[in-house]
Structures are given as C-alpha cells and as structure tokens.
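Labels run A, B, C, D, E and F following the written order; every chain starts at residue 1.
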Amino acid sequence: MISGTEPHVQSSVSGRTGWEQIVDLALAEDIGTGDVTTLAIIPSDTRATGAIIAKQSGVISGIGLAGFVFHRVDPSVVFTPMIQDGDSIEPGVTIATIAGAARGLLMAERVALNILQRLSGVATITRSYVDQIAGAHARIVDTRKTTPGMRGLEKAAVRHGGGFNHRFGLADGVLIKDNHLAALGPPGSDRVGRAVALARSHAPHTLRIEIEVTNFQELEEAVTAGADVIMLDNMDLPTMRRAVEFVAGRALLEASGGIVLSSVREVAATGVDLISAGALTHSAPSLDLSLEFSIGAG
Amino acid sequence: MISGTEPHVQSSVSGRTGWEQIVDLALAEDIGTGDVTTLAIIPSDTRATGAIIAKQSGVISGIGLAGFVFHRVDPSVVFTPMIQDGDSIEPGVTIATIAGAARGLLMAERVALNILQRLSGVATITRSYVDQIAGAHARIVDTRKTTPGMRGLEKAAVRHGGGFNHRFGLADGVLIKDNHLAALGPPGSDRVGRAVALARSHAPHTLRIEIEVTNFQELEEAVTAGADVIMLDNMDLPTMRRAVEFVAGRALLEASGGIVLSSVREVAATGVDLISAGALTHSAPSLDLSLEFSIGAG
Amino acid sequence: MISGTEPHVQSSVSGRTGWEQIVDLALAEDIGTGDVTTLAIIPSDTRATGAIIAKQSGVISGIGLAGFVFHRVDPSVVFTPMIQDGDSIEPGVTIATIAGAARGLLMAERVALNILQRLSGVATITRSYVDQIAGAHARIVDTRKTTPGMRGLEKAAVRHGGGFNHRFGLADGVLIKDNHLAALGPPGSDRVGRAVALARSHAPHTLRIEIEVTNFQELEEAVTAGADVIMLDNMDLPTMRRAVEFVAGRALLEASGGIVLSSVREVAATGVDLISAGALTHSAPSLDLSLEFSIGAG
Amino acid sequence: MISGTEPHVQSSVSGRTGWEQIVDLALAEDIGTGDVTTLAIIPSDTRATGAIIAKQSGVISGIGLAGFVFHRVDPSVVFTPMIQDGDSIEPGVTIATIAGAARGLLMAERVALNILQRLSGVATITRSYVDQIAGAHARIVDTRKTTPGMRGLEKAAVRHGGGFNHRFGLADGVLIKDNHLAALGPPGSDRVGRAVALARSHAPHTLRIEIEVTNFQELEEAVTAGADVIMLDNMDLPTMRRAVEFVAGRALLEASGGIVLSSVREVAATGVDLISAGALTHSAPSLDLSLEFSIGAG
Amino acid sequence: MISGTEPHVQSSVSGRTGWEQIVDLALAEDIGTGDVTTLAIIPSDTRATGAIIAKQSGVISGIGLAGFVFHRVDPSVVFTPMIQDGDSIEPGVTIATIAGAARGLLMAERVALNILQRLSGVATITRSYVDQIAGAHARIVDTRKTTPGMRGLEKAAVRHGGGFNHRFGLADGVLIKDNHLAALGPPGSDRVGRAVALARSHAPHTLRIEIEVTNFQELEEAVTAGADVIMLDNMDLPTMRRAVEFVAGRALLEASGGIVLSSVREVAATGVDLISAGALTHSAPSLDLSLEFSIGAG
Amino acid sequence: MISGTEPHVQSSVSGRTGWEQIVDLALAEDIGTGDVTTLAIIPSDTRATGAIIAKQSGVISGIGLAGFVFHRVDPSVVFTPMIQDGDSIEPGVTIATIAGAARGLLMAERVALNILQRLSGVATITRSYVDQIAGAHARIVDTRKTTPGMRGLEKAAVRHGGGFNHRFGLADGVLIKDNHLAALGPPGSDRVGRAVALARSHAPHTLRIEIEVTNFQELEEAVTAGADVIMLDNMDLPTMRRAVEFVAGRALLEASGGIVLSSVREVAATGVDLISAGALTHSAPSLDLSLEFSIGAG
C-alpha cells in the first residue's frame, strides 16, 4: 500500500492502479531507452544512500508514492519515510531516507521528486486555505481543475492538507450547471424545477442533486424544486449571507468562483457549508525539496 | 495532426502517441462510467456552440490538443482554432469555437480546458523569461522538472513561448552530475577527467558530453577533459563571467540553479550560452480561460 | 455511437470505452490466430447477407453493440438495425440485417450473437418484473451481481427493460451494510448512528447515505441518524408495510433480498420506493436469436 | 497458480493471463475510484475473517480464482480453500475461509462471489448433464456460446462438471457449417466433398476436419469425403441411430442442436460420440453462495 | 486489410491485431520522442515521393504491411503496391510507390523496410525449398522457430513462398515429443501407446494427435496406438523410406531435423508427407531493398 | 535484473520494460490458450531438469533473458546460468541449467531458445567483425536495421560481441541524410551548411550533429559547417583514406555502406573512427543451441 493514495484502490483495467499508471508514464518519458550517463559512469555494484530534505516549509503529500517510484525502478531499494502524509515540515527536515544501488537511485530521483513536490504543493496550499477558516463551519473542497492523470493523487493531497473532496468526476455526482439549464429553455420557464426533476428521475437514487445558481431567483426555484445542494456561483458576500438565511438548512450551500486565499475567511463567515477553490490544484507551486546522495555509504 | 505537439510522433507501444495517452487518462478519470448530469438533463439531439475565451493575457499552447479532446469524446464535433500555438492573446480574445452535440461538448469541456490552461501557463511564463533577455546571446532552456505524463507537451509549450529544449530525458543526453562524480572518488582525484572519458567510451558517439561543475577548479578540469557542455551550478555572477572568459568557446556554458525572472537578465549578460529554469514547468500557474456555451445555436 | 450503451462514455485509460474492451476480449478469445475454416473454404471476394431473427419473444438490448462487433472485424460491413433497444419482439421478427464480405460475417457472428442474446436476456427478465408491478410507485433496480466486464452494458439492458439503475459500483454511492456496522461494535451501541455520521463526514457531499437494516430497531436508528435511503434486507411483507408507515417519507426505502418474479407485486404493494433484484443480471437466460446467411446475395 | 484455470497459461500480450484480465476488468468496474463506504466507516487497521458458504447444492468451479480476487485487492489476505474445483457441495458447506484487513475483504467480496457463483453454475449444470448419461459412451461437450471474456474459465468449469471441451475458438479446429457450404454452391454439387478437400489442403495438418450435416445425403457425402468428425445438426433420434449404424466408426459423430437435460439420455443412447449443448454456458444460473464476515476475529 | 497477413484476424485483447502491435512496437522504439533530424531540417509542408526498389531477386511478403507502417505514421500518405505478396521479383523492380508529406515518409522508412525485408527474406528462402522439391508429394512446412512477436507474419511469408504451415503454437496441435514420453517411463513400457491414449482422452476431439519418434520401434508403437501424424526425427534416408513403406498411409509422416536446402530433394523422394525446416524462419537473411526519395515531386 | 539487457531500464508506459513486452508477446503467440499436449500428457506434479547446450561455437547474449522466460511461465523454476553474456562458447558447453515443474519447462522452452539463439547470433557475428579489426582504432557500430521489437536487446548483443552502439533511434541522435538535404535544394546551394545550421538551432544542445556525405565536395562543406560526425557513404578505400587525411580530427568519420566481414579490415585501415554494418542485426543466423531434459531428476 502506498501512503498518499487510498489503499486497495483498483481503478484500472490494466491491472495497475491509477497511481501506478502515472508513475509508469513518468518513468517511461524520463528514462526512455536508458540512462546513458549513469550506465557509463556508475559501476553496477556501487551503492549509495540518499535523503529527501525540505528546503521550504509546507505540508507533505505523496511520501509513499515517492517510495513506490524508487521500488519501481529497483525493487531492492530501501525507502524509509521519516514523516507521514499530512505532516507539516520546516526547511532542513529529512522527509525520507533511501539506500540501494546507486544506478537505481539516480534513475528514479527526478520522477520521485517531481511527483512528491507537486503533491506537497497541493497539500500546502490547501492547508493555508483551511487555516484561514479555522473555527468556521464550512469545508474547503476541491474541483475538477486537476492535473491530467493525477486527479486521485491530488484529491488525496487536498485531504492531507485538511480539505475535503467534491465529486471525483462526472459519474459520481449530479451537478447541474448553467449550460445544462440553457438546454431546457430561457430563464422564467421553471427550467430549474424541470432540471431537478429530470435528474431525480434518471440518476441513480444514490446521488444527491446539486445545482448551480447565479441569482436569488434561481436559488428560490432550486429550493422549491428540492435540490439537495446549491452552488452559489460568483455571488457577493451580502447575497451569500442572504442565501444562507433564506435556505435555512433546506439544502447545502456551496460558495464557488474566484475565491482566493485572502477572501476565503469572509466567505466562510457567511455561513455557507462548502467553499470550492480551483486554485488548490490548478496552480499550486511545487514545494521545494532536494535529494542528497552519499555514494558508498548505503 | 495536433498543433501544440510534434507531428507524427509515435512514442508509444500502445499505438497511441504520448499526448493521446494523457488525454485518454484525463478523460477516463473525469468521465468515468458516464456523465450522470448531462445524460439526465440534455436530450441526445440537442446541439450547442461554444467559444474558448481568454480572461487573462498570455501565450497559447495546446490549441490543437484541446480540439483533440473534443474529437475524442465526439468525433463529429467541429473545432475551429482562431489563433495558433505561440500567439500572444489579450483578455476577451476568442481562442477557438466549437460546435456539435451538446452532450459531447459538456463532457469534454473540463478536460480540454485543464490541458489548454496548463500548457498555456507554461508558454506564458517562458515568454516572460525570453522577453527579459531580449537581445542576449543565451537560450532559455527547460529542465526535467515537468508534470508527470506531460513532458512532451510541456517541452512544446516551452518552444511556443520562445524557449529551447534541453534533453528530453535520460536517454538522449549525457549530463554528469555531482552524484555521478562522487562515485569516482573524492575531489582532487581527477574524477572529472575520468568521468568525461568514461562517458566518451560508453555513450553513443551521437551524444555530446555535458558535465555539471560547482567551482572553478572543476571547470578547468572539465575543459581539459574535453567536455562539450559545462553546467555552472549555482554560481554567482562574477564567477560565471570569469568562466565565460576562461572557457572562451571551448565548450558551451549553461547557467543553472535558482534563476528567477528577476535575475535572468543579469545571468544572460555574463555571456553564458544556455540558461535553464525549472520554474518554466514545475510551478507555472494555469492561464485563465473559459468556455462559453450557446445551446441550440450550433 | 453504439445503441445499447451510453453515448460518449469514455471509461478507459486505453482509449477504448468499456464496451469496446469487452468486445475486443471476446473477439480475441474466439478468433485467436485466425478462423481456419473460413479462410480455407470461403474465397476472400465472396459476399453474403444475413439477418438476425428472433426465435423467442422478449426485449432487445445491445443492437448497436452487435453492429459494432461486425464493424470491428470488418469495417466495410453494412449493419442495419430494424428495431431499437428496448423494443419488444416476437418470434420470427428480423432484428437486423447485415451485408458484407462473407469471411467477416462468419468470423463475427458468434461473438455478436453471444453479446446480443445475453443483454436481451437481461432486458427481457427486467421487463417481466416491471410489468408485474405496473401501476405501483416502486422502481425495479439492479444490483452489483453483474457479469464480470459487462456491468455498464447490463445496466443499460436493465434500463431498456424498463428498470432503473442502483449505484454503478463502490465509488458512486454510499451503502452501509451489516459487515460495515460490525466493525463499529455490537448492536445496541448506536453503531447505526455512528456509521451514518462517519459516512457524512468522509464521503463527498454529492452522495446520499444509504444503509441496510435487518430489523425495526435498526430502522428507527437509521431514520434518527438521518439516512437518506434505507435498505430493508429480507424483511417479510408486514414488516415492510410497517416500515413504510413509520418512515413516512423521511427516507427512501429499498426492498432487497430473495425477491422473485412471483413475489415482486406484493412487495411493491407495501409502498416501498425501490425493489432490487440480483436475478435481473446474475441468472438471466440468453434470449434465443439466430443469424441466417445467404451467400452471394449481399 | 490458480485452481479453476489451466496452470501456466499465458494467453495475453499484456503479460497477464486471460483470467487476470477479466478479474482486473471486474475489479475496475466495481471499485472504480474507490469504495467510499468502506473507506469512511472501516478503520484501516480493522481485521476480519470470512467464510464462503454454500446456500444451494452444486459443483464448485473457480475456487482458486476467488482467492486470486482477494489477493489482487490486498496481497496480504489469507485465503484458504476448503474444497477443490469439481467437488460437489451441499447447502451449509464452507467452501473457503478468508482472513485479512477488513477493507480489502469488503472491497473484493462482490467480484469474488460474482465469478465463483457464475463458474460454479456452469459446473453444476454440466454435472447434471453428465449424470444423465452415466454409463453411456458419449462425451458431453461445450460450445462457443460462452460469456464474453470468460471462455477459458467456463471451459474449465465444464471440465470440473465432468464434461469435455470442444475447440476453444475458430483457430484450433476446423468446423465446416452450412454457411460455409452455401459459398460453394447448391446442394447436389458435391460441395461437401469439395469443402472437405479445401480444408485438407489449406488447414494445418494438425487439425481434424469436422463438418456439420443436416440430412442423410450430406452425411454420406461427408463420410465419402473423409471427414474426421461429423456434426448431426438437429436430427431426430431415429436418424441419429441410423447415422451411427451407417458411419460405423469411420468418423466421430457429434449430436448438436436443441439438446436439453430431459432429452440428453436418449440422445446418448443412439451411440453418438459427442453431445454438445450451448446451455452449459449461455444460460447457467449462478450458484447461490454467500460470504459471512466476522469483524475483529481474523 | 493488410496484404501479407490474414484478413480480419483479431488476435489481441488490445483491440489491435498482432501485426498492428509489432508495427507499433517497432515504431515506438525507432521514433521514440520524435525524429530530431527531420523536425529540424524538413519544413512541415514539404512533400515527397518515394519508390521501394529491389536490389536482389527474391519473393516479396509484407507489401501491405509496409503500407500500413506509412499510414500509421501519417494517415494521409498514398502507398501504391506494384506487386502482390508471393510475387517473384528481380533487381531493379519497383515494389511500391509512396507519396506524402516528407516528414512522415522519412520517419516511417526504416521500420517499413525492416519489416518488408525480413518477411521477404522468409518468403524467398521458402520458395527455394519449394522449388527444390517441385513435383514431389511432400509439403514444406514451418516450425515454431520464429522471430518473437512476428509468428503470424512469418507464417504468412512461408505461404507466400509456397510452403505450408504447421500448427501455430502449442494450443492448436498435439505434438508429443521425447520429453513428454520421458515423463511416462522408460522405453519398452508402451509409453508411446499410453501417451497417444492420454492425448486422445484429454485434448479436444478437433485436434489430430502427432507424435515424434526417433527409431523404428517407436514408429511401430505409434502406428499401433493410432497416431494421426508421426514425426520422423533426424532419421537417415533409408530409415525414412522404410517408414513410408511400413506405415503405408495409416498416418501422415513428417521428416524433421537438420534438413537443409541441399538435402531436401532427397528427403522428399522418400515419400514422406511433410518436411519441416526451422531455417525458413530462424535464419533467413533479409532481402535487400531500398527506398528512393524525390523531394517536392509528390 | 536480467542479464543481456540494461539494468533498471523502464522503457514502457505499460509498466513493463521493453524486453518484458517482447517476451510476453512471444509467449502469447506460442502458448495461446494453453499447451494441449503437455496438459494432456504430463501430470502437474512431475518435475524435470534441463540443460541448454551449445551445438556450435559462438558468443552468448541473452542468458538472463532466457531465464526470465522460464520465470514468466512458472515463477518457481530455478534457472542457473553457467556463463555470462559476452562469453565465447564451444560446442558441448552447458550454458545454463533449469529445474522445476515439467509442465512449465516444456511450455517455456521454445520461446527461451528462440530469443537466446537469435541474440547469440547477433553477438557472434559482431565478434567476428571486431576480431577482424583487432588492433585498429575504429569502433564497429550497429545500425537501425534491427528486428522489430528487439532493438534494445540486439544493441546489447552487439555490445556483448565487442561492438559499440550507434544512436538508439531517431530521437537521440541527429543524422542528416541525402533525403534531408534534397529538401533544401540542389547540390551546390550550400545545402550542407544550411542543414547543419538548422540542426544546430533546433535540436537540443545535448546532441552532436552527424551528416552523411557521398563525395569529397560534400565532405568539405560538412567540415566547414562544423559537423561533429561525418558519415562516408559507400566510398571506396582511397577516398576514405583521403577523407581521413583531410578532416584530420576536426570531425569523427564513420564508414558506412556495403561493408562485409571480408572488407572490414581494409576499411579500418583507412583510419576512420567508426564502421557501421547493418548485417550485424538484419541477417545474423541463429546460434544453434538445444535444451536437453531429464524428467524426474529435478
């Protein structure tokens, strides 16, 4: 089992989980037909040790996956995590140690760091949002604005940062957006009510019905139609407050659109249940980590 | 052929190119077993049009790939790019129009935007580095600090931004780093010379030999050993200037390590041939784009 | 697009949808390294026509998929469906006609029929359940007791027969069963309430919480805990009636366990909202169909 | 090695055997992006034991494969079969015990049972045919009317039930059918003889030539042409008896078409060598089995 | 359909036929992440024509497959075969012409030629064996000593050269060898008879039973046991003649072991039915072909 | 790690290295749906030993890969190499011993030998070229004329024979050929200089620029343009000698075209740096090896 991912998750017809596939893809593009430098310079029996060291403070996600990368290249590598996913770290902290054949360590290093730095970047930015709303009722949730091929990993990183997950994708949640409504006619034609009814009658009964609204009129229609969750799209703070008061628990309310670190606290204060932010995944900078080797010491 | 990628590139044993694989992976994780909302709300014969609009200024990369995503979901979609990869755009500019069955457009939208925004983010940041050193001799080059599974696409985005590519991965370039040198003994044992000799005798004759040096002593050894390219790792500006003067064209010089947008102009002024920056790919924020639909108009 | 499956569904990282994969698997195991009989006996330029004829009454599902099988073996085959998925047919009815190279028709025949007969068997048995409860409030829903590799197709067949779908799998619905409860302690420890609370706090907010109960005590706990859906497991009719009365719309009620065609009408009469039956998919007999060829007529 | 499948069988270019592929496909469609219920309710360190119990009498097939499913989800599960493939069981008998992390057991349960119940259903119905003809000379053989993706497993189940296998698919047996004959001209044109000759001259010499005949005239032609095996298609009992007498060992005779459990004994009594029945695989009902858990006891 | 392969053959669970897979594998290893030379030198709109020219006399196999390679790299290439598989060619003959974008032609050239030259080498050597025994009763047949991944293509090449195929692999023919016999006991224990009986009772009735014998004693046992085909392993000519006389049509006889071009005529003269030669596939030299381009003329 | 291949090489997105893929492909085509003979004749508990014996002198390559084939079929086989890749062997020498279940040994035998014999054939012919030029300055290098799917293995075999590798494929070396030049205009237009300049400005700086010349005029242009390596295509010996003298170390010189074993010594004597020969890989005859079994002895 790989820390930083769900245990036992079997999401692929290839017999490999999602995280195994993205690791294999990354290794294939990096190593290609072989590491010409390492094979030329490093004898096959040279051993080495290494340590992954933080050069920045943040929250770690993907520690087990980094170990998986080393094992994928060389199953005999010994990878020892020193912290757990979700832990906060300061510069200088040792995140993991590695020991094994020098060739394998050198060939796996870049891919392991690329993945660990990216996921830790997501966990770190999520933690900063979560810390901003400490004490509030709302959940920070992610979106579908994730890195291609890394959705499951980035959603785990959001959890490691203290956030919660929205639906994984289009199959496990009903979310009616303005584009869906447009297909049912112009505003004023009770299209919100009809949309909710269509979703109720076609979608499996195991799913809640969420609908996006952009104004108070639509919000009222959504409540009347019995929507389970209502997304308040790009509303200003007074409107959000009014929405919370009006809905009064008859549906969950999700604030969405243009929410940044500096505004999230005020949004939470409106009383909404959920705050979603694409920036958690689409623009998180990599966390700065380095791998320091000692040849012969392993 | 997909703009934003190399034409005809066949990099996979699965019969799909690298960019087809990452698109398929992204669609699989987003659509899963089906878009429950769209299938419930949108009749199969509803048609729609859409436009991808810039909400920020920047440089576009991946326009053809965005079209590929829509075709992959529904081969009958008509995708019309309005600009080319590498073009600079301002907020409000239409980047492409799309017309087809509403269901397909809605199911492909998120993945198409996720990819296009990420690659355009890379092209945009690269362009800002390139503009900083306008008139200088040096090339801005990328690194191996790329998003897992997207290396080829991100390297194309760097070119669209006006940068150049370093080696693709470990197989198509010799780059001897300090970790390789450590395996050959302590400093002072002419390990630089021996490393270059080993690389010469084992690597295919089609590859240049590049070596990383961290001080002037190693630089001299590298020149003596006949290295083709020398990477100056984390050197200060005076040392870089001295290195350029000393080497005098006997090898290419690459500046590397901690180079940011505000310092790149001074680095270029030292006379180095290449400046590499991991930030082009590991931390580029997504470019803000949106897809606006009109139901029934397509 | 293949009738009998969801349009545009992209459920695989291999670039093929789920139904393409099972078709390919079936063709691979049937054709293997080549049809030695057909290649020996039938000249490559012989053409033929065929008709798929019902030998039994029932409901058809998978007509488009049957066409896909023929196209997969020979893209030039002309496959013309004469009816639509969900249509009822009587013995002697022509379901589709096929024309093309005789070799391709002969090589695709068995796999096309195997799939079409199996899915039509599922649609047919579902229709018989649905007809039994005509006029009642309840939905007939399927289970996860499906044929390995054919879940999406069989769930479509259930819809073609007039039934509804339960969750697709473990990822798109919360269903707390007795085995989950056992992990939380013995009965009487408010484990039902704790289980619902755990699910609420960990699962995405887009999912309803369903819980299985085996007695009235648990039912009361589930309602108190705010479960959205409650599965009444193997309850007798009086208990189900009492449950409907007690819950009074505060949650959906699903009857489950040992429900057969002869009992489904009485179960529906209790007023439950959903009736699930594994027999729709795990033991549906194939519908009897045949493919009749005319050589030279195509 | 997995009981219920051939040992060492390597039937796939993906590096996985056929049974590994169908298991992976089934797990992928069931588990998808993760078991939201189990991950929410069951702590990762909870352990459990389980027993697979028969609720019906029958013949077991696929016991090892069921174990493989559990191992695929969690390699640390201990799966202990209590009986062997081919064994007859009565209601209440324990077929296997399982011990391991509760999460893994819960995630693998449904797929393991789906496969084991289906294959045991095939073995059970086969055994009933075999028992019907006890003492007779004939073999009960299967057909190509198998579940897509499960042919190898279902053919093993037929053997576990005491039956024999016909050819695996189109590549390992020559079987000339009426559709093949039609391509050679009308009846009366010695097309049977020409078909057998074509097969002899084109097919590898390692294969016997089997031909389907529908009347006595064709039977005589087939014997004259030197067919190795002759399939008597939908013949009545007197004609079959006459065929056996006429052929007198010059070819093997296979009875085929509409043979059901109640008629198989009479068919065997005609003296034919082989009796094929599609019902063994295309309509076998699942054998009723259940998995009973005890949390904390493992 | 690709000439040089069986039409419609679907031998893979990946949705690609066997020949598509080996082509994709070959293109992946040759093109990798892109043709750096062509992309640097050749503008994307440059067009070219080419001709594949024979530089040696021989027999062509794989002409359609060569076309497939060009289409796989660039679907817009026009590939025009000038001859058919199985045709004999002399030096200077044009085998095919190609027109399209210069980039695509240059990137596909090497792989197309590698495959076409290798298969034509197999067809050419086979033809030389066939010509040697012109007029004789025997068939020249291939073995399982084929190039990994190319068995189906090489077996087609053998047919193009005028030879016949032995079994494809281990699944479609029973061939009992000395190693199998050894498992049944020492010579003199009627192990030949027991082996044939075991094969009869376990193998599908659609397969003939072939057995390898190394001396006359075993030959007699094999005939007595009712073997369908008997392989005479490494026997001298007088023994082979005696075997033919003794068996007198009761079984097919296959000569095998150390048969070379210079000896094949004498072997055929003994009256055996089949002569197998591994050299047809394991050591056939490539046929010399070249591809001549004209830039701008296409 | 498999001897005969690079350690740790991860060249595939499927999670299998290149050599694993070709082994799987070969096993899939040979074993297919199962070894009918072995399963019928050999009890599952029969054990055997075997030895791979040389029947010819030569150089071994692929010994570890042969072991991998046996392990892939049956992980419990014990495979003991008696020599190393690159070792010369004489007839009668034991190359490896194998012990395990008889079924697995019999099913893996043919594929293991097919691969080992082919690679050893390449190593053997390479050694003969290398021995011919003993004492000379030049390297024997391979070409891209390799067996589809086996390039990495055959390039390793060339090294085992004492040769060196040219570029792996189109991505890791710039090689400008006459076809590329033709796109830049007629001879006399300084197209050689322009081609080299284009390559310098577009290709990564990590690659050398090699160009093919066919006459002395082009050679002079190439030197002037600063080409790093110059391929002398089909030049006669005096011209090669003159080229060596003229270039005088300013570029590496590679002799290419029609070089055979009998001429290689004279070519080396001209002083060129590299001699490439397609015959090393495209027409190497298999080395004759056999596998001798003893049942019951393992």
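One rule holds for everything that comes next: contacts are C-beta pairs under 8 Å (C-beta built on N, C-alpha and C of every residue); 3 or more make two chains touch, one makes a residue touch a chain.
Being a predicted model, the structure only gives us computed values, none of them experimental.
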| item | value |
| --- | --- |
| Co-neighbours of chain F and chain D - touch as defined | A, B, C, E |
| Classification of the chain A:chain F interface as same or different, half of numbers criterion | different |
| Chain pair equivalent in interface to D-F, over half of contacts matched, among A-D, A-C or A-E | A-D |
| Contact-richer chain pair (by C-beta pairs counted) among B-F and B-E | B-F |
| Chain centre separation (chain C, chain F; CA means) in Å | 52 |
| Centre distance in Å when chain A and chain B are each reduced to the mean of their C-alpha atoms | 22 |
| CA centroid of chain C to CA centroid of chain E, Å | 45 |
| Set of chain B residues in contact with two or more other chains | 12-14, 18, 21, 25, 29, 31-35, 39, 107, 152, 168-169, 171-175, 204, 207 |
| Topology of the chain contact graph, where touching chains are joined (line, ring, star, complete, other) | complete |
| Residues of chain D that touch chain C when the two form their complex | 18, 21-23, 25-26, 29-43, 46, 48, 102, 106-107, 110-111, 113-115, 117-118, 121, 144-152, 168-177, 179-180, 182-184, 195, 198-199, 201-204, 207, 282-283, 285-286, 293-296 |
| Complex contact set, residues of chain F against chain C | 29, 32-33 |
| Touch list for chain C against partner chain B, complex | 6-15, 18, 152, 168-169, 171-172 |
| Residues of chain D defined as touching chain E within the complex | 12-14, 21, 139, 141, 164-168, 171-175, 204-208, 210, 228-229, 252, 254, 273-274 |
| Of chain B, residues touching chain C in the complex | 14, 16, 20-21, 24-25, 27-28, 31-35, 39, 44, 72-74, 103-104, 107 |
